[in-house]
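The two complexes that follow have chain A in common; it is paired with chain B in the first and with chain C in the second.
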Partner chain A sequence: MIGFLARKGLFRHRTRTLLAVLGVGISGALLLDMQMLSRGLQVSLQRVLRDIGYEVRVTPRGTLPFETEASFAGGHAIAAAIAADPRVERVAPVLGGTAYAARSGGSAQPVFIYGMDPPTETLWRITAGQSLDAATPAGAVLSVALARDLGIGLGDTLYVARGFSAALGMLETPRAYTVRGLADFRFDLRNQRSLAVLTREAQTVRGALERDELSMLVIALHDRATSDAVAVWIRDRFPQVEAYSVREMLDAVQGQLAYFNLFSLVLGGVSLVVCVLLVGTIITLSLGERIGEMAILRALGVRRRRIVGLVMVEGLLLVVLSLPVAFGAGRVIAFWLDGILRQAPSIPSDLHFFVLTARAAGRTLLLLFVAGALAGVYPAWLVSRLRIATTLHREVMG
Partner chain B sequence: MPLHTPRAPLTTCDRSGPRCVGRRTLPVPRRRAAPTPRALLCTHIVASLGGMKTATPRTEQKIVRPALFMAWVCALLACSATTALAVAVEPAAPLPEFMLTDRTARALGVVAGDTVDVSPDAAMRGGRAFRVAAVYRPHADPYEVGFGRRAVRLHLPDLESLLGSNDRVDRFVLKLRDPSQSDALAADVDAAGLGLRAYTSGDLARRSSSTFVVVSQFHKAIGFVSLLAGLVFLVALMVLKFEAMRRELATLRLIGIARRTLLGTVVTIAAAVAVLGSAVGVGLGALAVSIINPLARHRYDSDLVFARLDWGVVALAVALSLLLGVLAGLLVALRHARGDVLGQIGR
Partner chain C sequence: MTPSTAPLLPPPAAAQDVAKDYRLDGETVHALRGVTMTVAGNDFVAIIGPSGCGKSTLLHVLGAVDVPTAGQLRFFGRDATTMTDADRTALRLRAFGFVFQRFFLLPMLTAAENVSLPLREAGSPKRERDARVLETLDYVGLGHRARHKPGQMSGGEQQRVAIARALVHRPGLLLADEPTGELDETTGNQIAALLERVHAGGTAVVLVTHNIDLAARAGRRLTMRDGRIVEDHS
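Showing the complex of A and B:
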C-alpha cells in the first residue's frame, strides 16, 4: 500500500515531479562526476601501470619515477642483485632524461630520451617499423610527434647528444642512430617529444655510462601479492633507492592530486546538500497540500509509522526516478569535463581524470539514497506529529 | 668567461640584478650531518698535541739518556709540536652556506647554523658540508601543492662545484633598465644565433599559465552545470510556490486586479525569493571559504588561497540568481495567467 500511495502522490503533479527528478538528476550527475574525479587519475594510472606489466618500480631515493632527472649510480649491479631474489621474475633497467636530437643539417630539438633494453620495453607501443634490437645498438625508436617535427621517417639517420653548444649552434659530440620504429610513448605529455635507444646507448648519450647511472628499474614478480614485501626489502637493502609497489606508487601520486581531491570533496558535498534540500523541499511542500489526505489515512486506521514510511518512500522514489538522469547526464558531463582537463600540457595522453568505476557508481548510489532518506526526515517528522481531528477540522473549514 | 658572479650573501628575496640559475635535484641526508672529514682531522691533531704535552714531563722524570739523544728528542718534539700547533691554529675555512625551505628544514630536523651534507648522489658520494644560513618559507606556488617537495638554495658556484658542471647554467634572468625594451631584447637574443631562446616575462606567463587556463575552463564548465542544477531547483521551487498561491491569485483576478499587476506581483515575489536565496547562498559560500582555506592550508602546508569569495563572484551569483528566479517566476505566472480562473479556485 505504501508503494501505491507514494506512486500516486508523486504522479499526481507530473510537472512538479518531473522538475524534482531533473533537479535531483543533475545534482546526482555532479555527485557521480565528483566520485569519478576523486580517484579518476589514480584509477587511470593504475590501468596503464597494469598494462605495462611490472609490479615494483625502483627510483632514486626520495623521487617518483621521472619526477626529476635524478639517477642512481651502479644501476646494473643493483638490478642484478634484485634479480637474484627468487621472488623476482625479471628486472628491466631504465634511464631517462633530457637530450637534444636533430636530423642531418636540421636544427636541434630538446627531447626526452629513454634507455630500455628489449624485450622488456613496454613504455611505448610501436605504430610503424620495429622496436629496439639488442643486435643493432645504433637503432632508435621515435615518438610519432618527434618524427613529424624533425621531418624524418623509418631508416633515416638521427643525431642525438646530451648538450647543445650555444656558441656553435650545434650538438656537442652527437651520436648517430637509425630510426627503426615509430611509437606512442605511454607517458608522453602533449608537447613532449621522445625517443628510445638501448640502455647503454642512453647512458653514453647522457654521460652516465661511467657511473652506470639509471633512472628507474622496473621489476616483474612471479607473484603480484609479494610486491609490497619486495619493495620493503629493496628499500632496506639499497639505501640509495626508493622502491614502490603499484599500490604505494598510486598512494604517492594520490597525494599529489591535492587540487582534484579537494575539488571533488567540496563540490560533491555541495551536490549532496542540494540534492537533500531539493528532495526535502519538494516532499515537504507536497505534503503541505496533502496534509488532509494524511489525516484521513490516519483516521482510517493507518498506523503512524506507515505514514512516516510513506513519506520516506516518496523521497527514495524520487531518487530512484532520477537515477537514469543522474547516470546518463553524469557520463555526458564527465566526458565533456575530461576533454577540457586533458588539454592541460602536463597530462600524459594515456591518462583520464574521470573514470567510471564500480566504486564510484556504488558510492554515488549510496550517497543519493542517503540524501533521499535524509530529505524525508523532516516531512516525516511533521507527519508523525499530525493531530487527526484538528487537521481534518482545519481542512473542512478551509 | 665564467658565467657566474662573485659569491654574494644568500637572501630570501633576492630578485634584483642579472642572475644565472642552476637547478638540480640533490639528495640531502635526513639527519644532522656527521662531522666532516676536515673537522675530524682537526680534532685528531689537537688531541695528538695534548698527548705530547703530557708525555714530555714523564720522559724527563723517568728516562736519562745521553745529551745528544735528549737534544734529538727535544728537537723532534719541538718540531712536531710546532707543526701540529701550526695546523691546529690555522683558521678553518668557513663552510659554504645555503638556505633551506621550512619544509626541508623540518624534514631534516635542522635549524640555522647547523651543518648538513649535500651530495649529487643518493649514496652521498662526493658530498660537501654546508652550513644552514637561513630557513625560509617559499612563495606560495600552485604547481607545488601536494608534492611536498624539499628545496635548498645554494650559491651558483657551490652548485656548479657540487655537480662538477662548471660554467653551465639552465637559464639567465635579466633585469632591464627599460622594461619596455624586453620584446626587442628577446628578439635580438633570438636573432644572435647563440643557440639561446629568450622569453619575456609576458611570454613565460602565457606559456606557463596554460594549465591554469585549462583549470579555469574546467571551473566555468562545472559552474555551468551547477547553474543548471540551481536553475531546475529554482524553477521547481517557483512552481511549488505559485501552485500554492494559485487560489489567491485567481481570487485577485476575480475581484478585478489587472493581469499585469498580478504578473508584476509574481515577478516581484520571485525576485525577492531569489535575492533572499542569494543572500543565504553568499553566507554559506563565505562560511565554506572560511572552513576550506584553513583546512587546505594546514593539509597542504601552503600559503595559497584555495577558495576566494570576492565582490565580483558575489555580484555574478546574485545577478544570475535574480535573473533565473525572475525568469522562472515569469514562466509560472504566465502559465497561470492563461489558465481558467474559476478552475483555479476550485469552481
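Showing the complex of A and C:
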C-alpha cells in the first residue's frame, strides 16, 4: 500500500519528479566523487604497490621511497643480512637519482636513473624490446618519453653521466649503454624522463659505488602476513634505515594527504546537505498540495504511522530513482576531474585521484539513503500531527 | 451488497450530551453543545441546519475522525473515551465509510485503485480485493469506468466512485458530508437514489446536507442550530 501510493504519488507530476531526480542525482554524483577522492590516491597507490609485488620497503631513515635523493651506505650488505632471514623470499636493491643522458652528438637531457637488477624490474613495464639482463651490464631501458626526446630507439647507443658541464657543453665522465628496451615507468611524473640500468651501473654513474649507496631495498616475503613484523625487525636491526610494510607506507602517505580528506569531507558534507534540502523541499511542497488527500486516507482508516511511512518512503524513493544518475554522472565527473588533476606535474603516471571502490560506493549509497530519510523527517512530522477534521474542513472551505 | 450490522447489535454510534469546542483565532468556538442522539443499525439520518451550526462537526464526531470535548460517545456499544487513535482508525477502516462533498478521490489513481484503498489498508488478498472492487463499482453503475482516472469522469461519476470507496469494505455506517453539494440537480438525484439503495441494502446512513429534497428522502431528519439538535423528526 505504502509503496503503491508512493510510486503513484511521485509519478503524478512526471516533469517535477524528473527534475528532482536529476537534482538529487547530481548532488549524489558529487557525494560519490568526494568518496572516491577521499581515499583515491591511497587506494590507487595500494593497487600499484600490490601490482609491483613487494611487501616491505627499506629507505634511508626518515624518508619515504624516492621522497628525496637521500641514500644509505652499505646497501648490499644490509640486503644480504635481510635476505638471510627465513621469512624473506628475496631482496632487490634499488638506486634512484638524477643524471644526464645524451645520444652521440646530441644535446644532454636531465633524467632520473633507476638501478635495479633483474628479474625484479617491476618498477616499469616494457613496451618494446627487452628488459635488463644481468649478463649485459651495458644495456639500458628508456622511458618512451626519453627515447622520443632524445630521438633514439632500440639498439642505439646512449651516454649517461652524473654531471653535465654547461661550459663545455658535454657530459662529465659519461658511460655508454645500448638501448635494450622501451618502457612505461610506473612512478614517472608528468615531465619526468627516466632510464634504468643494473644497480651497480647506476651506482657507478651516480658515484655511489664506493660506499655501496642505495635508495631503497624492496623485499618480497614468503608470507604477506609477516610484513609488519619484518618491518619492525629491520628498523630494530638497522637503525640507519626506515622500513615500511605496505600498510605502514599507505598510512604514512595518507597522513600526507590529509587535506584531500578534509576537502572531500567539506564538499561531501555540502552535497549531502543540498541533497537533504532538495528532497525535503520537494516532499514538503508535495505534501502541502496533498494534505487533503492525507486527511482522506486517515479518514478512510489508514493508520497514522502508515501515512508517516508513506512520506518517508517517498523521500527514499526519490533517492533510489536518482541512483543511476548519481553513479553515472559521478563516474563521468570523476573521470573528467581525475584527468585535470593528473595534469599536475608532480603526479606519477600510475596514480589516480578518483578511484571507485566498493567502500566508496557503499558509503555513498548509505549517505544518500540517510539523506533521503533525513529529508523525510520534517514532512513526516507535519503529517504525523495532521488533524483529520480540521484539515478536511479547511480543504472544503478552501 | 450484504449488510454487516444486524438490527440487534449495539448501535453504530450513540452520543450522550456530547460537546465539541475548538479554538479559532484565540476564541473558543462551541461547535456542539450537549448533543444526544443514537444512530441505529438501520437508520437513514439527514442532518440539516444553517451553515456553521455544527452539522459537519457532529458527522466527524459520529464518524470517529474527531474527538468530543465532553460527553459520552459509544461506537457499537464501546465507550469511545477508552479508544486510542489507533482504535478509532481501525474502527473507521472496518466499520465506517465516508463520502465528502468534494469527492476527495486521489487523482493519480484509477477508479478501481481509489475504491481499493480501504481493502489494501486492511490487507485483503489481491484476488479477493479485485473482485470486491469490481463488484462495488458495478453496484454504483461504474464497472465500465474502473480503469478511468477521476479527471476523466464527471462530477456525478466521481461521487459514485467515492461512494463505492466508502462501501467496498461493507461498513455498518456510511457518513456523507454534503454528498450532492457539488452536483447539479439531476446528478444529485442520482446520488440520492444510490444512497437510498445503500440504506435499503442494510447499511445505516448519516448525511449532512443543505438539500431539502435529499433530506426528505431520509427516514429521520435532525435539525441543528447553534451546536444543538433542535428537532428530531422521524
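Worth a mention:
By definition in this document, the second predicted complex is superposed on the first by the 396 of 398 C-alpha atoms of A that agree within 3 Å, B and C clash if a C-alpha of one lies under 4 Å from a C-alpha of the other, contacts with A are read in each partner's own complex, and residues count from 1 in each chain.
Going forward, a residue touches a chain if its C-beta (ideal position, glycine included) is under 8 Å from a C-beta of that chain, and two chains touch if they have at least 3 such contacts.
These figures come from a predicted structure and were not determined experimentally.
Because the two structures share chain A, they can be overlaid on it, and in that overlay chain B and chain C fit beside each other without clashing. Look at A:F72: by the touch rule set out above, it reaches chain B but stays clear of chain C. Within the superposed three-chain model, A:Q343 lies in touch with chain B and out of touch with chain C [touch as defined at top]. After overlaying the two complexes on the shared chain, residue contacts for A:T63 are found with chain B alone; chain C is out of touch.
Here the apex is the CA centre of chain A, and the angle it makes with the centres of chain B and chain C after alignment on chain A is 110°, in steps of 10. Legend: residue contacts after superposition of the two complexes on their common chain; A:L262 is shown touching chain B, with no touch to chain C.
In the superposed pair of complexes, A:R331 makes contact with neither chain B nor chain C.
With both complexes placed on chain A, chain A has more residues touched by B than by the other of chain B and chain C.
By the touch criterion stated above, A:I282 is placed in contact with chain B alone, chain C being left untouched. For the pair chain B and chain C, the model built by superposing on chain A gives 11 Å as the shortest CA-CA distance. The intersection of chain A residues touching chain B with those touching chain C, taken from the two complexes, is empty. Here chain A touches chain B in the complex through residues 13, 15-16, 19-20, 22-23, 26-27, 29-30, 33, 60-63, 68-70, 72-73, 164-169, 239-241, 255-259, 262, 266-267, 270-271, 274, 277-278, 281-282, 285-286, 288-289, 333, 336-337, 340-341, 343-346, going by the rule given at the top. Note for the complex: chain C touches chain A at residues 22, 56-57, 60, 63, 65-66, 85-86, 89-94, 96, 98, 100-102, 104, 106-109, 113, 117-118, 120-122, 165, 177. Against chain C, in their complex, chain A makes its touches with residues 1, 4-5, 8-9, 11-12, 292-293, 296-304, 306, 388-390, 392-393, 395-396.
Touching chain A in their complex are the following residues of chain B: 24-25, 27, 121-123, 125, 142, 145-148, 150, 193-196, 210-211, 214-215, 217-218, 221-222, 225-226, 228-230, 232-233, 235-237, 239-240, 243-244, 288, 292, 296, 299-300, 306-307.
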